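These notes are about the structure you will find just below.
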Amino acid sequence: MKKLTYFPGCSAHGTSEEFDHTLKLVMKTLDVEMEEIPDWNCCGATSAHVMTENLAYALPLRNLVLAEKFTGNIMGIACASCYSRMKTTKVHMDENPELAKKINSTIIQEGNYTGRVEVKSMLQYCYEDIGLETIKSKVTKSLAGLKVACYYGCLLTRPKGITKFDSPEYPVSMDQIMEALGAEAVEFDFKTECCGASFSISDTEIVESLTGKILEVAKESGAHLIVVACPLCQSNLDMRQPDIEKHQGKSFRLPVMYLTQLMALAFGYPESDMRLKKHIVPVEEALSNIGKIQEPPPKVTKTKKAVSAESEVE
Amino acid sequence: MDYTKQIQEIASKLFAEEKIDIFIGYRQNAFDDNQVPILVTVPADVPNLIFTDKSVLNLTNYLKFEHTRNKRVGIVVKGCDSRALNMLLTESQVKRENLYVIGINCTGVLNEKGEKAQNCLECVMPDAVVYDEMIGTPSGKKEYSVNVDVKELAAKGLVERGEYFQEIFENCIRCNACRHSCPLCYCTKCCIDQESAVLYNGSNTPSSAFHALMTWSLHLAGRCVDCRNCEKACPSHLPLHLLHKQNEMVIYENFQQHLAGMEKDDRGAFYKYSMKDPDDFIM
Amino acid sequence: MARVGVFTCFCGANIADFVDVPRVVEETRKIREVRCSIEYKYMCSDPGQQMIRDAIVQQRLTSVVVAACSPRMHEKTFRKALSDAGMNPYLLEVANIREHSSWVHQKDKKAATDKAIDLIRMAVAKSIANEQLYEISVPVTKRALVIGGGIAGIQAALDIADARIPVTLVEKSPSIGGRMAQLDETFPTLDCSQCILTPKMVDVASHPYIELIPYSEVIELDGFVGNYKAKIRKKASYVNFANCTGCGACWQKCPVKVPNEYNMNIDKRKAIYTPFPQAVPNKPVIDAAHCTMLLKGKCGICAKVCEKGAIDFKMQDEIIEREIGAVVVATGYDLWDPKPYEEYGVGRYKDIITSLEFERMVSANGPTGGVPQRPSDGKVPKTVVFIKCIGSRDEAKGIEYCSKICCMYTAKHAILLHHKVHDSHAYIFYMDIRAAGKGYEEFVKKAQVDTAATYLRGRVSKIYKKGDKLMVRGEDAQIGQLVEVEADLVVLATAIIAPKDNPNLARLLGISYDKYGYLSEAHPKLRPVETAKAGIFLAGCTQAPKDIPDTVAQASACAAKVCGLFSGDTMKKDPMVSKVNTEFCSGCQNCVTVCPYGAIVTEEIPMGHGSKEMRVVSKVNEGVCQGCGSCVAICRSMAINLSGFTDPQIINEIVAI
Amino acid sequence: MLTLGLEEKNTFLEAINKKSGANVLECYQCGKCASTCPVSDFMEFRPRVIMQMIKLGMKEEVCMTDSIWFCLTCSACSGRCPREIDIPAVMEAIRHLTIEENYHPKSKKVKDIRKFHEIFLDMIKRYGRNYELRMMAEFNIRTRNLFKDMHLAPKALLKGKIPLGHESTKSAKAIRKMYEMAEKLEKSK
Amino acid sequence: METEVKETKGQVVSAENPGIVAPADWQPVIMGILCNWCSYAGSDLTGTSRIQYPPNIRIIRVPCSSRVDPWFIIKSLQTSADGVLISGCHPGDCHYISGNYYARRRFLVTKKLLNFVGYHENRIQFSWVSAAEGPKFAKVVAKVTEDIKKLGPLHKYKKENLK
């Protein structure tokens, strides 16, 4: 049994409760014991670092210090935004011990920061620490027939120097997990385009424009639904979809599901555990594709040279 | 630290297997408490070998003399000695295949007062870096620290420092014992004995001592391994390590933390360069 | 006892106005070793030189000091005067009392005079330690080795051979021609590459002074300038060229298809092949990595159809040795692989191609018959986006430097596209248009005006697919707006990079290369053709990205250098080189480490007179030594000294005042 | 018209470089950031232009523009920048400078964005965590835009997307102390 | 740690030997060792451009700054020189590819060592002067001369028995 120190983030206890819930189910199946940091605080998300420097480090650092009190060596973070803040803080603190000391002084009553605990997003944890083989082995209900567009958003793989995970432009980790579950991950160009998360309340116009473009390309790619691993992406793409359809005069009807929801589904949990009712865009129609194996389209070759490099004999 | 028994065993075995012609080790001095080097050529002399924390001298010095040239030699080296041996190997002065090296993972030797010697307190590499056989448990590389005497002296004023060294150069009798005792001073003819140097240098004067010691320490800069054979040999008891440690400090701090003899094929700080070397002292 | 003559020049008024020359003469006459001290208005003039010559003879001088202008100015003149008088020219010393005294201390005549006297004192002291030196002559093997058979190697080989100097031209691939043979038309004149290149290729093959060794590599180079020994490995071609007539029956019948490198893998060739129809030599070779006969022992159809019995499956690699005097390296360039541009979907979208792929497509002898096609569906593209600086000027993904030719060939591609597909439109994303060269700016204008290519200033940030189109997104900084182009085809102007093998080759030749892998020239401005190692020269892109005219110019420059080197039976060289006193050398080999030219080697000498024991000492190769003195300063036992600047000479100077 | 050459030293450039750790001088105006930036279309000055303005020392214009407040810190630009300039850090440095030196862009949008961030931080100060419904309500009240997104609220509530209750960390005290200390650090600079 | 250079009226006090004073019009001797390809050419350019500089420097030509043995510095200071200036090509411009990089290392260690045993830092100075930097050469010489004038005469370890 692996141990994982868990940081849910504000959304997991709010808007993305279904993410939190399914994540716990999935981790149970995967034999991971999640220990939630009991007294965690908000990471400050974008606001803190937009406005001030020290607070932007102090808020995540408190959580990092708290996480060191657990035995687990990895801190798994559900929310991409929290992950980004936490990881950035960790990298900067580890690079600059003097700064770490300075920031640590603001939360000294919680203890001293040592840098022992690794910070990972749940996607990264599933991909690197659990592995595709294990995930594959737990699948009881294949998602074959389902076409998904994997949307990573900006913060899971960027900036490259901080996350050191997957490609910042065309990541494939989530696609591979989806394929391990039996689903087909479509080629999708807007995997890491920003959805405008931090403006979701303050400037809806921008968010609608950005999100609209993502939905448009996802629809074009032929996916039945979009998979995400970030609560902010989910709420932006899902909750605002009807508005965008109205304002832009288009119809998408693209449900947006969490990675863990689909994992739970493939691991055999009943649909009722998915909390599907929480979705603004209904998911049932998309999920009905599971099991309907269509005639496979002519296999699109990934690279041109891959074919031609092989010699052939007439 | 007493490895007398192990060393005697290894030496007897080497002689028995005819792997060596000479074994260089330490023996007890008949007159006082100190140890002196011994070149064992017959197995019968093996019981004279000894190794304790009074085994101070750097034996690699004896590799540069005719006695050992082109012979198969067994030798005992401590951490610092092994770094000197590394330098000699790099500079093609000895052939590795001619040597059987017993590396000591040293815990420090004692000075005349019976305390741990200063260079051992500041030692960066107590473990032998070259060896065929190892005695003792390795304790790993230590943190580099600036020599306390150098630090103390550097904190003094220029004039005071000048006067301090003036005394040193006045007390030097130009006997060249330092040079002879240094394992890395193996030149066929030393530069300060060369015609053009002698011509303008005179003999036993502070200025000639200044010239000789400056040149000598610069020739050892980036190569000196701080074994302090020179200091032990000096009849005037001059603190010669000051010059070497000063150079070592400058080199360590400015040239990628370079320390002499740590790796094979490292010829010393003056025989390589980096684009990032300090340039701010140059106009 | 040394007998020194001092000759002080007035240099008209240049020295005399600010230095009290009579006092200088008077003072210098008092120096112990000085036999005569003479002044004259212009020492460098013929009467002046005559005074020196006379004094040498009359006073039986052992060395001469001329106090005049900088030695960089007239040292050679006065050396000649010495040798005319029968004296070794290297017994001369020049005291620079003009540039270093009279011209820079014009307000204080006394100080300037004092300084002049001191400078002469130093020169006198130095001259006493001067030794007789003799020009070094190094024998020369008059044969050049040219590595690489692209346009640079071809040009260099032809120019050298035309001077009746034998050349060995080594080419890695089965045919010479290189990158230029892959091009369709060349900027800025749009003449057909094949038309101007193939005659030269044929010339190489038929030239009596050129030995062409194709399908081979240099594997060893020993020796020094004028006296190199090269080992060349001739790869097994499995075709006996002597018997082969080049009829082509073998490759027509060969059943194995392999991606065609010449056509950038767009189509296929056979396992036995000639790279292209105009290849020189026009003989096929068997690709051992793909031939089923060689791999599995089955097939052998080519051998069956060959009437001449030229196919030999048992052929082995052959080692050829040549003695040569000079080397011209012309290994050309590689193209940068644009894979890191993930935001463009490189590797995922078939309709993104590189510029050389495009070049092959528009080539009349190319795989698509000269009309560009979309690799995805074979349709002729109407809207083509060209993106410049792919990998170039991009520290993050590629390399820092500018590849120099992309601006021009992209303009050419826009023009060629317009020629081949009349109703097409080219959009070119660029950062800067670099068109410095004869007729280049006019050529770009042609692309902009005649073919109406749209130039957009900005780097493309993303390419994504929409239907069967590629959406190319960028900013046109000139209007300050974001633009998206719906493209049928995207062509990436990929950077030029140094051949992958260059570092290996450099190590093998003993020359240096830069951080990108380009071979380093001896001086970036004044010696762009030579390497730091005497007798090895660079031509073309192996030194830095270049276009064809520059490459050809550099190749011809190489040829001139080689011909200069071979102009006599021996080479003359300045005697200011290092010398080892083996008596003192302790063999630590530190000098070998610091020598930038690899001029110092080791040798074994007896331990003593008649001794059988040997010891290792250093030895300077006078032909290679350039006289920097690095070795002298690091030699602790002072066993190595630099003629002309020996320790005694410099110490004499120091203690003279 | 912009007249150059009046100032001897570009102190603005120096300040931004120091604050951000990036070197704005490295920018060679390729414009990849401008077309990469997802909010480019909403900006008065795109990142490329901002970089040039910093180089020209146009402090007033840069500090007063809305554009710097639209940056989402999504790092897409820096990921694609051929010279690897940390553009988000530059944007952040400018924002911190405007706050420190009391620049107040006039547009309502920026005021909203800044208000949002202030409310957000205030929320954390009070509860240690973010409470979304309250956050939205407070934002709408403080920006006097009572009915924004109101049509979403019932749906979201009904679907259980936004819970009514809220939780806070037990050690809100510790958080408040952290705020004070951080503020002190900020001032001590 | 350097001792303060003493300001005195009408006299120059030696920085190393405060007991030794010289008259105010005392002129130091500076030994200049210049590499042939950059600094010597640069000093020639100073001449051809008629840029004036103090006459205290005596110039020795060597092929490359890497030819400079620390011995030359020591010897200069032991004989008549009150200070030494060594000048070579800028890093990367060395006519002999890498000579000045090796030299740079030796210079730093030599300078620090001499300072350690009691020479003022400013007695041993280095510069990179290219063949085009005539004005720079004049500036460098002026600065070195001024520095050394402040330090006063050098009497340490001078040759007792020669000249």
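Just a few scattered comments:
So that you can tell them apart, the chains are marked A, B, C, D and E in the order they are listed, and the count of residues begins at 1 in each.
Following the convention adopted for this analysis, a contact is a pair of C-beta atoms (placed from the backbone, for glycine too) under 8 Å apart; a residue touches a chain by one contact, two chains touch by 3 or more.
Because the structure is a prediction, the values reported are computed rather than measured.
For the criterion of most C-beta pairs in contact, the winning chain pair is A-D. Comparing per-chain C-alpha centres with the mean over every protein C-alpha atom, the closest match is chain C. Averaged C-alpha coordinates put the centre of chain A at 65 Å from the centre of chain E.
Chain A and chain C have Cα centroids lying 53 Å from one another.
Averaging Cα coordinates per chain places chain B and chain D 62 Å apart. For the pair chain C and chain E, the distance between mean C-alpha positions equals 38 Å. In chain B, 191, 197, 200, 270-271 are the positions where the chain touches two or more neighbouring chains simultaneously. Annotation for chain D: residues 41, 80 touch two or more other chains. The multi-chain contact residues of chain E, meaning those touching 2 or more other chains, are 71, 75, 79, 98, 102, 106, 162. Contact between chains, using the touch rule, shows up for A-C, A-D, B-C, B-E, C-D, C-E.
Note for the complex: chain C touches chain A at residues 255-259, 265, 268, 271, 290, 292, 342-343, 345, 347-348, 350, 375, 462, 464-467. Those residues of chain A that touch chain D in the shared complex are 10-11, 13-15, 17, 39-42, 44-55, 58-59, 62, 102-103, 105-107, 109-110, 154-155, 158-160, 168-169, 192-194, 196-199, 201-206, 209-210, 235, 239-240, 243, 275, 277-280.
The part of chain C that touches chain D in the complex is made up of residues 343, 389, 393-397, 431, 457-462, 473-477, 480, 482-483. Only residues 27, 29, 31, 36, 40-41, 43-44, 46-48, 50-53, 55, 58-64, 66-69, 71-72, 75-76, 79-81, 95-99, 102-103, 106, 138, 162-163 of chain E touch chain C when the two sit together in their complex. On chain C, the positions that touch chain E within their shared complex are 70-73, 96, 98-101, 103-108, 111-112, 114-115, 118-119, 122, 512, 523, 532, 576, 594, 596, 626-630, 632-634, 642, 645, 647, 650-651, 653-655, 657.
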